[in-house]
Amino acid sequence: MRNFKAVLIALVLAAMFLPLVVAQDTIPLTDPETGARPWEGKELRILNTEVVPILAYQHEILDPLYEEASGVTLIYENAAHSDVLPRIQTTCAAGGDDFDIMFVEDGWAGALAALGCLEELDRFYLAAPGDSHPEDFTTRAFGTVAMAKEKWVGIPTLVAVGMFAYRTDLFEDPDEQAAFMEQYGRELTVPATWDELAEVGAFFTRPDDELYGFNYRYGTPNNILFDYMIHFGFSRGVDFFDANFNPLFDTEAAIDTANFFAGQDVLNLQPPGRESFQFGEVMQNFAQGKVAMYGTESWAIPLLLDPDASIVAANTGFAPVPGWLNPETGEIQSALLSAGPAYMINAHISEEQKQIAWDYLQLAHGVEFSRILAEQTGAGHRISVLTDPDLVAKWPHLTANYEAAKVGIGRPAEPWWPEAENAIGRALQEVAAGGDAATLMVDANNDIREIVEDAGYYDEGLTYVSVEQREDFVCAKFAELGLEHDECM
Amino acid sequence: MRVPRSERILAYVILIVMAILVLVPVLAGSVTAFKPQIIWVSSPPTWIFEPTLENFEFVFFTRKGWLFLRNSLIISIGSVVIALILGVPAAYAFARFRFRSSKALMQWLISLRMIPPIVVGLPFYAMFLYLERGLGVGLRDTFPGLIITYQTFLLPLVIWMMRGYFAELPAAMEESAMVEGYTRLGALWRVVLPVVWPGIVATAILNFIFAWNEFFLALILAGNRTSTLPMSAGTYIVRTRVEWGNLFSVNLIIMVPVIVLTIILRRQLVKGLTFGILE
Amino acid sequence: MRVVLKDLVKRFANSDRAAVNNINLLIEEGELAVLLGPSGCGKTTTLRMIAGLEQPDSGRIAIAERDITNLAPKDRGVAMVFQNFSMYPTMNVYDNIAFPLHAVKMKRGEIDRTVREMARLVNIDHLLGRSVRQVSGGEAQRVALARAMVRRPQVFLMDEPLSNLDAKLRVQLRTEIKRLHQDTGATFIFVTHDQEEAMTLGDKIIVMNNGDIQQAGTPHEVFFAPRNAFVANFVGTPSMNMLTGAVSQDESGGIRLQLPGFDLSLPERFSRGLENMTGNRVIWGIRPEAIKLAAEPGENCAPGEVELVEALGSRDLIFVRVAEQLFGVIVDALESVAVGDNCHLHFAAAQMHLFDAESERSLLNNLPSAVPPSQWGGG
Amino acid sequence: MGETSTMNLPAASDNSSQPFSNRLYQMTQRHRHWFFIAPALIILLLVVIYPIIFSTGVSLFRVTFASQSRPFVGLQNFERMLGNDDFIQSALNTLYYVFFSVSGSFIIGFGVALLIRRVTAGKELLRLILIIPITMAPIVVGLMWNWMLDPLFGLVNWFLGLLGIPGQTMLAQASTARLTVVLVDIWQWYPLVFLIIEAGMATLPRAPFESARLEGVSSWMIFRRLTLPMLRPVILVALLLRTVDAFRTFDLVRVMTDGGPALTTETLSLYLYRTAFTFNKLSRAAAGSILMLLCIGLISALMFRYLYRDVEVG
């Protein structure tokens, strides 16, 4: 009897899920070409935060296009950036279906995947790929932003890579060049190493003229880590963890980097108020012509090139981020962080809402729409955009952007990463405030070790997902989906 | 009291400086709400400009401020009404009946004032979580859920304030009505309530202000459906720039009703803010 | 309606002493009974238990032979006037008086008639449209009286209704209450701490202290034959002079009292009470009115010196020192006594009181009981 | 008093002969207060006491958002919390915050209360303006002061610039951020102290002051020997409320600095919020919140003891 009951329940359950299984094969998608609008009149709720302006551009340019094409109404809920992760975690843990799509930073994906908040996208792609083209991203970018380890969970809304902006009018000014030559005995060039950066920066630092050499941000605890790594850390060979999840922030390289990062050589190049600089202030400083050089990320480019937003838009050039001159090899080492948020689908919503969400992702963040965005704003993160000759002609920086996107290193996608990032960010801020780098970095390293230990990572023999492994995950995923990618060859 | 002239002038100077310290941020900030976007962050600040309502329009319609306003109103009014329904009878009993535990209970009620919201907010979240997972009873991100939660700080306050108002009335008032043919509830309704009505209004307004300004519990327990105005204020801090004009529009929407209510209520304010301990 | 209290006990939560300690009392129909005692003696609590505003811990209350112990106040058929409350502030005078009538769903026309009749009875018919703020304290208390009468109750309870009024108004309203009592023929129970008010109003005075009934009787009984030292001391202004002394016997077998500074011979009235008491200590009391100034020393006289003179109008209250003791004496103002005068005090034997020093009970031969047994009869 | 037996009344102790409805009435009368209090009491037990008990329970297990199993870990969460630098740091920050915010707002509030008595015309208006800050939501206050203190276009820096002082970033420097937040908190809450003290002064009897003045006592001595002692309960209430409020600070810090820079402004509430909801350690945060409750419980119990000595409560 008991068996019979079990069989009956199984049958009923199977009957219930049968439509879903069947439905998988036929996810109807909006198609601007055919004019199909299968989700007309539906609503889609998006939990968003306006962290950087490119998202606002997407919101202003792409969303109306999608709404028009699909007949779906997009409902945005904006949260402060620091509230987003708690919001998603608290909602998701309760199995809440408050929103269909959510903004997820790459550093959070691991935590959310562990909670089972994120819907895997494979089946949607296999049933109806639409315009999504996951292979249109570099493997580094895709592995960092769109995946939680081996799971594909999102479509990137932007991929941030380190970029270096400078004032062409200053660097090309013959008077400046002559003055620099006289002072330093070499040509005035866009700096390729940290030391050159310090030198050139010092040259341009003229507080009386309200001109400063270089500008970057200190931010809130976890942001500061980003700048530390993106501008200095990776090029010096600093990494997050070794293979066994031992944190590496107490190494000599990491401490040296911290010293340089917060040292007077760099601090003195900054406009006053450097302690409070966030994304906004650093960009504003450059846009107002206050600084000669500006270490930034790719998402800032559209704004820097927008004459309405920057008085030096016409005189802005982009170059690779300076690297570290390895005294032993004489080589300039350079490596970049790549990061960024993706839109991901809430695992707790109805199947229909998931399909609508997929419809939105494939079209609004697909190839075609990305191109529209790039044409209008110069923002881009898909290979098809970054390598398009017409677009590159219009926006020369896209090439540099593409090169950076191919080599970017991602943050770990572990559930406890937000806490670890917070710990190291805090230490870096203390260093910037004048603390002793050696002790602070060692303390932070111990804190992270504790966090990792607390999560049980040392007991279970887990190993750190290296950059190469990530690429393997991406390539494996693409193979699973029947996709080919140049970088996986 | 005779005050020497010099002393009075000094007092005026200091107090006017204090008043300016209050007014400048409040007014200068509020003015930003009426500035067009282009001069939100001009330095030095622009004072002469053509005022615009576009920030309010943006906040209210594009960012659905009306929805947050509605939510805030529902939650604040709802929780105050519930607090009054539960608290007024209790306050009456504390004011009127002598019983063994009354003093201890009243002291216990004050001690609730010291509990930091995180101490109840956190388990509330966990309880709602298990309720939703286990029994399928959704209280998180619902108006009833928030209204119940808000009782943690509203209910003790209502009881304390209303007890004060009841204690001011002679017990003989309703006793007289009871002897004259009414039940206690009838006497309460027909005799006491009409007299204590202003006190109830004052209590309601003050509690409304507390509920209206509440941020922490809403942050943990509210979601899409129940986001309040204070929660929405934070969303205008974008990391690249703060949308000051929009932000101050929200601030004004939060602030103005409360300031108006405060002006109406200023005499009762102390009683409420001090939990009625001082009488 | 006869009001009977039996074995009534009431304790309050926050006090270990009983507010009302097992009292028994009978108030005859149509009687105006006054509960008299110092504050905290339990008189108000007793009244409130009769009204139903307090629930006795044990004991029973009956009105007109009906046990009402567990009835709600509104069902007891009593009316009550309070000390610190007279008018509902949200209603005008008319509505105040009409208020109890709404409770019994009386018709509008009848209400109007009743209200006007009652208002006329207490002379406030010209005030009917006024609000609380437009009437004086005395007028407001009249409104309370009218409101009490409007349901034509058989028992009126009055909880110090006059104590918040000024002296002149108090006297005026006192007379009026007396008149109302006569007109209505209802039973009145009146609580006061003012013994003058009690004397002038009461058919019967019930003196209470510490939750006990000390004595119940006519004003005369209470004044002239106090059952114990408390009643003797509490009733009467200026209060009774009291001294502790020892009982002795003279050669002729007469009883004498040795007091500090002088001694007295005691009248026959105490002979039974003082049997076998020789050598015991007793409290001797005499009211100021019962002391006369004598020119010459004589029997029951003591010499003294005037220390203080207080004018009371037609009479003076003088304080005379005899040995260590100050005696209050009422004398005619025309006698022109001056401070420093030497005089002799003569104590009227007929008006002496004697109490046991320990039990403080009166040593009178025919001691009145706390509640005169004669009044319990019939039942 | 044998005669009493002639009365038609049952013996006092004989309740059983009473009709049930009468006994019911008597019972309801005796416990009538519970009918009024019970609903509020039940809700309060449910929304205050039960959560605290629940929280204590949670703190003994290892609970996260995801955990299907919730192993019992005893006091481990408490141990970890007490051994955590960040927890200790935020506790110390909170104490710093309590101390300076309470004393600052108290001194200024008391001063203003004394000053406003010396003012005649415009008193109502001044008072009204001065109490505006307490009615504002802390989050609004925080955002507003962010704007005021902005290093690039804030009014404070603009004003300092006029005085020739270069732009300051008070909220971003580890050395000044905490003090700046405290100052803003004082700005918001000194009017509360002022209101309480002023209300307390209004209730003081006049006679002792008048007689002291007639006796030629100096105003300072009057203040020290009369005003202060007579205001003692009022002062205690003001201190108690401010302490409790400063201890729980969350909103203001959340929007002004979010705990930074370098954790110098992190308060306990903020830290526990982050631990629970960002770092997904519910049970550890629960342990922390219990510790926090014990701490504020201890502080306010001490203050309550002094308070109850002076004021009749309940």
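A, B, C and D label the chains in the order they appear, each numbered from 1.
One rule holds in what follows: a contact is a pair of C-beta atoms (placed from the backbone, for glycine too) under 8 Å apart; a residue touches a chain by one contact, two chains touch by 3 or more.
On a predicted model such as this, the values are computed, not experimentally measured, just so you know.
Touch-path distance (fewest steps) from chain B to chain D is 1.
Chain pairs A-B and C-D differ in how many C-beta pairs are in contact, and the one with more is A-B. Each chain gets one centre point, the mean of its Cα atoms, and the points for chain A and chain D are 42 Å apart. Rounded to whole angstrom, the centroid-to-centroid distance between chain C and chain D, based on C-alpha atoms, equals 53 Å. Inter-chain spacing, taken between the CA centroids of chain A and chain C, is 93 Å.
Shared contact sites, meaning residues of chain B that touch two or more other chains, fall at 99, 102-103, 125, 129, 219-220, 234, 237, 242. In chain D, the residues that touch at least two other chains are 65, 152, 254, 273, 277. Annotation for chain C: residues 72 touch two or more other chains. Remark: the chains found to touch one another pair up as A-B, A-D, B-C, B-D, C-D.
Contact residues of chain B toward chain D in the complex are 1, 3, 7-8, 11-12, 14-16, 18-19, 21-26, 28-29, 32, 41-45, 86-87, 89-90, 92-94, 97, 99, 102-107, 109-120, 122-127, 129, 148-149, 151-152, 155-156, 159, 184, 209, 212-213, 215-216, 219-220, 230, 233-234, 237, 242, 244, 247-248, 251, 254-255, 258-259, 261-263, 266, 269-270, 273-275, 277-278. Taken in their complex, chain C has these residues touching chain D: 4, 6-7, 9, 24, 55, 58-60, 62, 65, 67, 69-72, 369, 371, 373, 376-379.
Note for the complex: chain B touches chain A at residues 63, 125, 128-129, 132-133, 138, 140-141, 219-220, 223-225, 227, 232, 234-235, 237-242. Those residues of chain D that touch chain C in the complex are listed here as 1, 3-4, 6-13, 18, 22-23, 25-26, 29-30. Taken together, the chain B residues at the contact with chain C in this complex read 98-100, 102-103, 170, 172-173, 175-183, 186, 190-191, 194-195.
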